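What follows is chain A paired twice: with chain B in the first complex and chain C in the second.
Moving on, here comes the complex of A and B:
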């Protein structure tokens, strides 16, 4: 049984982003990076499945980006994955979702993965397209927005979260791509011994160009900070004063009083 | 006649209920169509669709292509993909633009349609526009030149700290998915008329590799977040289920109010899903939105950022919600919420 988990390193969203000189991305200096939250659920699901199925199940973590993404791969290895594949790409933000999916599929082809887990979307770009396109490129079955997952000898049973409080229970066969919604499981924290063990695990680097991403179908023509809608007033003082001020605001702005 | 092809809207329906995004897509499509002097064609797929095609005409579609077959009773990627592509390929030329909702349906389906036509797709847009583009060949010198009347797909990035304009002018249909609550719906007009064109699609065995076993509705109580004028919402910062007592208490001071929640509070089991505001919950637009102990992650923000006035109370001064709340209070919600309720009641009584 072979499992691939695709993860992304994303900037901490509490960062105040500054535009870069080209106007299509942000300045990376002073930005902290971490694992995309949705992908933590993907790693957990794969590692938990390995726990159930036994040691012959092999979990590979794949991530695309510059050298810094190795740190995020190591975190996933410390959570219990077996090996890492780092696709070296110094400008991943210049790739559109179709190119990212093409690289993942080129890596995964002929490696006979049974399952591919990844987050439903990334927190930074949030296109939610990579999962569906990887499934298409590999000819795998696809189940997106998964909040419940079971696997039994090649049979996948998954709960999909739909709008309006609806959930669909679907069945399909491996090989399949599963995109994970928040809350699918409880991602574990790596323990110190596992962090030490992760340092010795295999982590291969593959140049992006070897995986022939092809041409971009889309381009970011320009990016800019959005105009602020609110006044963004921060109210200060003790609680009673603040409550008083809020009543004033509610009177002035909402017509509820 | 315009030199451009029509605009296609993929209607978003679950269990024969048109999702609100459909009307917003039709509204945006009509605005774009007016700029290009073209028409809006809706595609609707499902089974026993009844009056839905007519409803689409009343809400902005100039014509509706209907695939009504038992195989489409429940959404699956492969069956809906085949149906949508069959309809689009029945047109003499690909549409200029095709748009879907950034819903579980649209986000699952749109990449597969885009891929079939080898065209780009911009996800989760909040604005759509038409404009020209000059490609100077930074990325692709072979495509250098001016492209007229392209789809400008505009969307937030990085938890909304940046807004990006994304184009894919090389090939049609130029595609985008749009977020619920961002575009302005077309005003319903029951006197509108238009062609309703049934299309029969032939499926293949390989289209049924993913089967829907059942679709279940989680129990939902009577509250109606969508129609509430005031929403008081609680998040993870409440610290526990009992925190919602304070939220409910403050909400009860306002008329036509409802209690909302962030995803994290729902996932923690503190309050049922029906209260969830955000990407996979409800999109709301109340006059007043009070967020108690909500950090303001993108997932929540997309569901409430169009509220009239947003007040946020959070202990963490770095919480992203302070970047878009109109009024922010860095402090203890357990101190402020009861005082606010008291003051509000006093003010109303006087």
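Moving on, here comes the complex of A and C:
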């Protein structure tokens, strides 16, 4: 049994983003990066399945990006995956979802994966297209937005989230691509022995160009942060002071009082 | 005639062989009991050296045992009674030993007697008073234990036996003395008899009975019988030392000798690179240090730790005494019992590492390191935490360098408008996460910088190069994350070239100054908390201020961990503040609820620690609650706001109070 988990390294969303010099992405200096939250669910689900099915199950972690993404791959290895594939791409933000999916499919082709787990979407771009496109490219079955997952000798039973709080139970057969949604599981915290073991696990680097991503269909020309439209004001002090300040502001700005 | 008496009067030396054989048998019996007990403790547990600096250890033991300081400090009348019982028996033991030395050595070998003259008089009086104090203390303690029945005491047959034997030993001792005095001194040498007041009282009773049929001529036979009865009882009480709670007279001094002589509360730094290590932290009883197991043999289940523990006090499932007792109890099944079978995970997570248990323990038991070791297993081996919020905090420390999840690039923003030195700084201010990101504590940081600038001190910060010191992670059990943070900080600190670091956080202070040294922080880099730094400069501040009533909250890590109690109070006094003490203060201060990594965890069990402490602050009716820790600030500001009786108290940091008043 072979499982592929595709993960993405994304900026921490607490970052105060600034535009980069090219004006098409954010400035990456001083930004903290972490594993895309939805991808953590994907790693957890794969590792949990490996725990159930036993040691002959092999979990590969794939991530596209510059050298820094190796840290995130190591985290997934520390969670219990077996090996890592780092697709070296120094400007991953210039690839559109079709190119990303093409690279993943090129990597996965002929490796006979039974299941491909990935997050429903990334926290930075949020296109939610890579999963479906990978399934299309590989000719795999696809279940998106999964919040419950069971696997029994090739048979996938997944609960997916629909609009309006509805859930659907979907059955399909492997090979399949599963995109994971919040609520699927609680990602584990890596134990120290697993962190140590992860340092010695296979982590291959493959140049992005080797996987023939093709040309981008979708190019970001210019990005612009939303204009600041006035800031919130936090009033401080005890209740009486706050009330006085508030009355003062209402009086000053609206003339109502 | 010189004052003295005939040693072994009426008994004669012919009985001494029997006496010494009996003593030898008793010693064997004590040894057998102790061996059985000790062998159950020894041989298990991880190694740790506790026999180095043996002189300092012996001195530490002697100081603590002889003065009974920890027994008295939180023991109430019972503790004082124990001390008198102990001192009484010390005098009696010394007296008996002097008799032994004179009779078997100096007199027998050289014909030299020293129990004569003025020394003999003093000897007589001291022994009588020692016996009297011991007896009164024992009577009080017996009433307390068997009639007053304090709640929770673990009293068994052995305790009954100890109390009866001790009482009989003292009582028959006085009877023997009384019989001797009645025959040899009473009426005939009252001048001498007055130096044995209790013996004289008993002699008077013998004297009085002469009118009821006992003839003075029968007295030697009665005396002799009593002497032997007294001897047998003494041997019995000594004999049970190895078999009952009385073994504490050996175990507790031993436990003081084996005390952790490192800086108060500094944790053991694990070697995480050890390729052969299979286990980090303690999963089973045998994974603890041997000293942790030994502790369970020294514990006399006096309830002090349990009664003082802020977690137990606020109805959390943690009971430090029960933990120690259960570890000891489990040893009869070997050392493989999982620790989480002895205490719940909730109990393990409830500890605030405030160290009050260890402060009050008269047996020098080390509770906190056990809990940290158990936590280390849960975190490092099993990936378990007290809650999801703590997992998120761990990830935030890992990714953003602070548990609050803010962006690392914003770490220095609090100081944006301040003119901080980047070169030639006198001191490096290691700001810490809370003062860097938490709105309330940022004000403390700004006030502190303002005070430093008023003093003309050139201060700089590391800004985004500074990371969480790792303390909350370490106390939760995440030694790996702590060491990663520590190594990065140490490198960054060394890169600044700073020779002096100041902190406003006691957790940062203790971690940098004490624990970072294990990981390579240059010993030449001085680390100081703002409390002591500012207190040392108190004469520079103008003290012509209006008087104000304040109360001061001793943070665990400046107080118990670092021994800083007087300096902040002196500084406050020099600023015109009258310090009204809270119900629990100084060494016995009550944690705010934020220690032991609990600042990162939601408090879901029992009543809230911060409200409990907040109420104590409100009860002083002070205007201002002064603290010196960002965790305390966060917890107490909330703690004084929510209890029902809406009285008002303003929470400020020592630095803010100073800044306001100079």
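In the analysis below, the second predicted complex is superposed on the first by the 233 of 257 C-alpha atoms of A that agree within 3 Å, B and C clash if a C-alpha of one lies under 4 Å from a C-alpha of the other, contacts with A are read in each partner's own complex, and residues count from 1 in each chain.
The working rule: a contact is a pair of C-beta atoms (placed from the backbone, for glycine too) under 8 Å apart; a residue touches a chain by one contact, two chains touch by 3 or more.
All values derive from a computational prediction rather than experimental measurement.
> Just checking: does A:232 make contact with chain B only, chain C only, both, or neither of them? Give me first, second, both or neither.
Touch status of A:232: first partner only.
> Looking at the overlay, does A:67 come into contact with chain B only (first), chain C only (second), both, or neither?
Once the two structures are laid over each other on A, A:67 reaches no partner at all.
> Looking at A:27, would you say it contacts chain B, chain C, both, or neither? Reply first, second, both or neither.
neither
> Is A:150 touching the first partner chain B, the second partner chain C, both, or neither of them?
neither
> Report for A:190: first if it touches chain B alone, second if chain C alone, otherwise both or neither.
Second partner only.
> Comparing chain C with chain B, which touches more residues belonging to chain A?
Looking at chain B versus chain C, the one contacting more residues of chain A is B.
> If you stack the two complexes on chain A, which partner ends up touching A:161: first (chain B), second (chain C), both, or neither?
First partner only, chain B.
> Once the two structures are superposed, pull the chain A residues common to the chain B and chain C interfaces.
The overlap between the chain B and chain C interfaces on chain A comprises residues 14-16.
> Chain B touches which residues of chain A in the complex?
11, 13-17, 19, 24, 26, 94, 96-98, 123-129, 132-133, 136, 141-145, 157, 160-173, 181-183, 215-226, 228-235, 239-240, 242-244, 246-247, 249-251, 253-257
> Please name which positions on chain A make contact with chain C in the complex.
Touching chain C from chain A are residues 12, 14-16, 30-34, 186, 188-193, 195-196.
> Quick check: in the complex, which residue numbers of chain C touch chain A?
272, 280, 379-385, 388, 391, 394-395, 399-401, 405-410, 464, 479-480
> So in the complex, which bits of chain B are touching chain A?
It is residues 14-15, 17, 19, 74-77, 102-105, 107-108, 110-112, 114-115, 118-124, 133, 139-140, 152, 156-168, 170-171, 209-218, 220, 229-230, 254, 263, 267, 273-274, 280, 287-288, 297-299, 305, 308-311, 318, 320, 322-332, 335-336, 339-340, 342-344, 347-348 of chain B that touch chain A.
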